[in-house]
Every structure is written in C-alpha cells, then in structure tokens.
C-alpha cells in the first residue's frame, strides 16, 4: 500500500552522472537519465520495440537510445527515431514527472499529468552554508511503513544503538504525539541529563562544553507519502533549547526519504544535516560513516521483523503510546491512498 | 510430516553462550537463551509488541529483552515489563519446553504442557570417561526422512564413502531388519574380512593389530522422532565381537540427531562417540574433520535426491530389503503423527 | 514452447571426460556418460530405487552405477544389476537417443524410438583443416527464442558491440529475410566500406590488406529446432565477395546451438569457425576470449529483456522488418510444435 500520485526521492545525481540508471519505484520500472540541457528525465524502462531495458542504453543528443537496436526514445515516452524505421506509429511508453532539487532527484510514479512541482518539499538545511549534509542509500527488504514506524518512535535508540545515541533517559521520558493536518509529530524532551557519546562529540565540535548537563530534544515529523525528518540535539540547561545560541548547543536534522520499491522492499535514503562545524568535510565523512553503522543495525532488525510478520499474517500487534506516531502516519497513508483510488476511479468513469 | 510433541535436539551450548539464538524447528520460530540460574529457555521468536525477532535482543536479569523497544519477555512467554508501559494486558507468546543434557539442548516444539523431561533420551557414552565425542551440525535442504533412510541402510557406504569406511563386503552381506516397539534396528555382520582404512586406523589407535582379519558390525537403531544411533566397529576374529576385550577391537557409536526445520529442510546434528583412546583430543579433532568430509558427501547426494523427488511428485520408489529400515521407521513416524493428530483433535473438542 | 522430437546439442566431450554429467534439457533431467566402447549414453537422471541422481554416480564396465546404493543402470534405461538384489522387476527409466559428432554431443529429448541419426546436422567446417573452431557455453536466464531473435537480427551489433564488430553501416543497410522450407535466412550486404576493428584484424591474419575498402556480408540462417549459423566476412571490393580468393577476404561462421533448459532458461553453445589462419592455436584462443566478452554483453541485455517481458505479460511488441527473421523462426517453431503435439496425440489415441 503506497501513494503513487506524489513525490518520492528516486536517486541522487551521482547515480546518473555517467550513464542511465534503472530503478523500480512503487512497482514501476523506470529509466532515469540526463536529457537535453542536462535536465533529468524518466521514462518506463521498457523499449516498445522488443521489451529491452532502456536503462542499459546510452544518451545521445539528449535522448535515450536503446542499447539493443537503437530506438531513440524521447523524454516524453514517444519514440523519436530508429535506424531505417519510421516511428510515427510506434507505441509510447510511460513518462514520469521528475525534478532535481538540492542533490536529490524526485519522481512522481503515478500520473505525470497530475504532477505538481510546487509540492516537492524544500528544507531549511538545503543550500545553506550553516548546514552540512552527508548520507547514503540502503535497499531494505521490508514494507516501507516499518521504517516509518521505526523512525517515529525513537525509544528503540536505547536498545538498538546503545553505544552511540542511546541512553536510558529516552525511554524514561514520555513521548508526545501530535497530528498536524497530514503530518504527524512525535517528540520527546529530556532535561538535566548527561549527553550520550555522539552528542558529547557534537558539542565539542561546536566549541561547546561537552561535560555540562543538557536538555535533549527529539522531534520526528512524518509527512506524506513517507518522509520522516527528525530534529535532534542538545543544549546546555536553561539556554533556550533548540533556540539556544550556537556556543551552547549542537543540533542536527536526520533525513529519511523512504521510497517503496515493491510492497515488501524499500529504497531508504538516509542522511544527517548538521548545524555545527559545517565547513569540516572530514567531519562530514566521519559522521556519515558512523551514521551508516548505526542505521545498518536497524536494517537487520527491520528485515527480521518483516520475515516474522510475513510468517504470521493477520496476527494483531500492540499499539502503545510509543507506537502512536507510526500508527497515526499509517492512518494518514491509508486515508490518502483511499482518496487516490477514488480519484482514479472517477477519472476512469 | 513430523511429530511435534516430542524431544528434538535444538542446538548445542556454544550456540547460546554469548547471546540468544533464533532457530526454526518443526516450523516453529524459536528464540533460545540462558535465563535465570543459567537455565536454558525457549520462547516464540516474536515480540508481541511489533513482531520483532526476540532472538536479536539480549538477556538481562534472566529475561530476554527485545532489542527493538525493550519489552522484557519472561521464559514462560509472558511479558514481564516494558519501559513506561504496563504489560498486564499484553498478549503472551508461546513458550517451549527445553532441557539441557550432556552438551545438547533439547526442545519440545509442540504443547509445552505435555512435555515430559523423563523422555529425553540418555546414552551410554554420555559423561563417560571411556568415551570421547566429536561432532557438528549441517543444514541440509531435504526432508529429514531422507536422512533417516540414508542412515538405516549403510549399503551406501560402499558407494558414497569408497575411500574411508566403504568396502565391497558391506553390500555382499545381508542386512537384517527388526522392529522393537517404536524402534527399528538394521544390522549387518561381516566375518573374516580385512578392515577398511578407517578401522585399520582405529585398531592402531587402540593398540590392536590393524592387519589381522576382523569381524565387522553395523547396527543402526532408529528411535522416534528421528534419532539414529549406529553401533559400529571391528574385532579380531573369534574374540567376542562387540564384547571383545579392548585390545582386540575398535568401537564407535555414530550419533545422528535429525531435527526438521521445515517439511523440506533439516538441522542435522552428527557426531561420533568413540570407545578407543578417548583421552587424545587431537585424535577427536582429526576424526571430527574426517567425519565431516564423509558426511558432506552424503549432503550432496541427499539434496540432489530431494530435488529429484520434488520434480517427480507421486512417482513410486522401490522398497527393497535394504530399504526396510527406513520404510519401517517411516511407518512408525506416520503412526505416531496420526496418533498425535487424534490427541490434538480430542483436546480441541 | 519447444520441440522435443529433434536434436539439440547437450554438451561437449570434455564435460563427460572424467565422470557422468547431469543436465536438464527441454525440462528433462538427463545423465550423460560414456558407456560401452566409449559410446555416449543418456538416461533419465533418476535412480528407480530411491530417486537419487544417477549423474552423481560412476561408470563401471560401460554401465552407470548409482552412487547411492549401487544400482547398475543400462544405457537403455533398464536396471542391469544391484548388489544382493534381483532387478528383473525393477521399473525402467527413460533412455534418450544421443549422438556424438564433431566435438558436440547431441540429444533427442523426446521419444527415443523416433530419433533419426541422419537428421543430426553436419557442417562444412567440421573436421576440415581449412577451418579452426573455438567456442564455449553460457547458461542464460531467458527464453531460448529471445536468443534466436538476437541472432537473426544483427542490427544490435551497432549498439551492443560498438567496439569490435559494430559499425554504423550495419543499420544503414537493408536487411533481407527469406524463408526456405523450415529455414529462415536474414542477410545484409555492405559495399565499399571500411572494415570494423575485428575484420581489419582478420584480414591481416589472412595476409590481406586490412586498409582497403571491402564488401561485408552477414547471413544468419535459422534451422529448427534452434540453431543459428551466421556466415560473416569481408572481401576486398570487386573480388567476388564470399567467393573471393583467400588473399582478398576473411570469413567466419558464427555457430549458435541454443538448447532450452526450461521455458525460461537456456544452454547457449556459442563458437566461431574461421576460415583464415586455421593453424594458429594462439589465435583461436584469443578470438574465443574476445568472442566470449562480446557475447556476455548480449547475455546482460537478454536477461534484462526476459525480466521485462515477465513483468509485462501480454504486452504487444513491435514486429519490424529487422525482426522478421526472428518472427519467421518463431512461426516455424510454433508450426512444428503443433505438428509434434498432433503426432503425440495420434500415438496416444
């Protein structure tokens, strides 16, 4: 169950730097490539001639050339040319709306005519010299909603990530869940605690005292179809929390763009934008490496959970207060999917 | 087809020495761990909170803590605690009866309330300074009954294990099959023969003349649900066979604990207890290594046989006198499974 | 969809030089081995005793001995002997007609009684000192007919093999398709062109001027069930084309014996017989290596195409003039399969 008339992160620019790239998104097999004026294009990864994968071809004059028999595909899904052939009567393939924005390439896997570029989300940390970004991509063998659940409840940090960002105070603090239109926010505040290893390190990087007691915050925000951004940080006690001056805090935003591949597999784009010492590229690399190690622990847990759920279909799970963020996010997805199906039915009628 | 209200070997102590271990047995996904007083516990490998695999968690104060959100599971399958939660109304998971005995951990994958510890088998060679044991574990992609067939008819030694324990005299000697209650015994005796390489080596280890003619015996005993123990050895001619004095014989027991994972995959615990030179640990290691090499030859044969049988469903096989041990063992399994199903139906009524 | 009462290449002699070999062909699991007088035999790879794979056994006195319990299988599929057993009443297994011819072993996977050795094809380049042969075998995860399509339309050389045998003039030249009984011939002639890298090299090997303009020919011939032989070469302009004297041309025959394993997987025996410098064995090795590299590019394309077609069942493909060779070959296969089915139905009635 996923929305299709919406924007998902499809890939990063480096993945199509040298040649086209094929990726399945929401069940659609899509070829991504740089077309005319270097603009990213996306068409169905299926040559209408004999079914070859267009993504195995190459780009010439801004068009995607099928690597099998040379059919030239336009970025609108209409064949442009083919050696010794008239392509006027050739069937078209699907084209997909696609937008490049701040080092991500976004795709609208549903009806391209309904795509609205103004709906591509934008963020405070993008193209902002006060922030630095590092991230990566995992292929995870689970329903994408299990990853949303995971991120909307950070209680698991205490257990899964004991050596880095976990600390007992997390699950001793109550979690608040709020629904704001189609968004869900879960938040947790800890006061007068000692920062865990990662945040001590971050304070130090920011020139702040790593040994003083802090307030720690975690705010996870789900936005449809499946983005979770988590504002996290620590500030010296009584200095204003997230709004404290730089020398008294360390703050990051965890970025999670979660793109369904199929019903049970997911492309998970993860990263961290940090608001401290943004010029230090070596630091970006180190944090990314550590971040990757931490997130891989989650991948093992998520894939085992998926296998368990598949082996126990229909078994009821608990919905506790800590699960409320994930539960509310699923409700919003379900409502929007139903709405999309009704719109599709209305268009078809 | 397998019995569930019975004891199977689940794992060996080293597999749960440092952390819990998850294993599927007779279709049941089970988490094994050392609980209070170091006692082995086994519960369903499914956290009732969100379906995480409990075996990925850790043990604290004798309880298994879910590695995802910290639910604390008791060894009786009842949740004990969870941070910030009241677990009184939480659903339970299955618990499994489990017994540690002589370097094996046994599990009763069916109804724990029916488990009877007195039924865990015990053996002459266990905790006996006159015997030494070495073994291992294979995961084999075949129906567990094909392994029983294999072991109840040692004719195959001549063909599969030509360079170690095979010899022509095996298939030139008649095999006897006897049914003794729920057990089946197949036996073969060869008289006045030269021992094959392995047994020459064993006689030498025992200080016995390896060049003299011997009597050789092989007695395979099947006991439900799927254990096969094989008494094997050679003794100088006329010295009393299996009862000959030590300086005239060499004797071992081949141990085969065969645990169904699913209908078509099996955990196969194999080993050899030897009654010669038991103090020599290097010898134990060498025999184990050679034993593993020999048994891996069987694994190839068994997995190919399984593929052949799946590709030819319903095709009738021969049931010769040499197959009689396996055939009788299957009949006993079928009868006991039917009986178990009737008991389950009666309990449900 | 494939013919069964016909000859396919099963394997090469080196594959059964030391021991039997099991291979699935047209859905039949077959054990191949050298029997009496070194003659190749083929029987169902299924021991009638317990379903073991006969191909894991060994050959003794010209018979295949099952490696599990020693059943001795005759090359006619009738059990010959088994230790301590009377095999008179044992069921037989299928035997397959098999012929060794010029470094290929051919099998007739259908009814052995209908096999006609005179139908095994023979070729100009076989056992001919003026020709040298080098080739190999790929296992390709696609319908065998996709490989036929590939070879009956060499337009793809321009795109898939740009650095070796591809050149723009190929897809600028019209392709001719002719049906000759059950054969299909597609051909293309280019005149007054510069030879591409491989053919420059070949001319040089033949002592011919590699820089002169040439005529280039490509003639693909499909013959049932699935053989494609391609006569390819270049000759200096005006010297007689394929019939030009040796010092003015370079010629090869690309050999493609395409054997269905299942409906969606294929054993692809590829090779090249060359009519230039046949004594140079190092050259044979070098061409074979390069040939393998080129054909592996096709394998990637074919397997992606197969996945695309499976994901889009029933989607109509184009049938252009360049596809005509493959389309005609498929029609012949369909007609012959229908005829075979009618014959089988008539035999059964």
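Letters A, B and C mark the chains in the order given here, with residues in each chain numbered from 1 onward.
Quick note on the criterion: a residue touches a chain if its C-beta (ideal position, glycine included) is under 8 Å from a C-beta of that chain, and two chains touch if they have at least 3 such contacts.
These figures come from a predicted structure and were not determined experimentally.
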item: Minimal step count in the chain contact network, subunit A to subunit C; value: 1
item: Numbering shared by both copies at the subunit C-subunit B contact, with half separating same from different; value: different
item: Superposing rotation of subunit A relative to subunit B, computed on C-alpha atoms, to nearest 5°; value: 120
item: Euclidean distance of C-alpha centroids - subunit B vs subunit C, Å; value: 47
item: Set of subunit C residues in contact with two or more other chains; value: none
item: Subunit A contact footprint on subunit B (complex, rising order); value: 29, 45-46, 48-53, 56-57, 65-70, 82-85, 90-91
item: Touching residues on subunit B, where the partner in the complex is subunit C; value: 149, 153, 155-156, 158-160, 171-172, 174, 300-301, 304-305, 307-309, 311-312, 315-318, 320-323
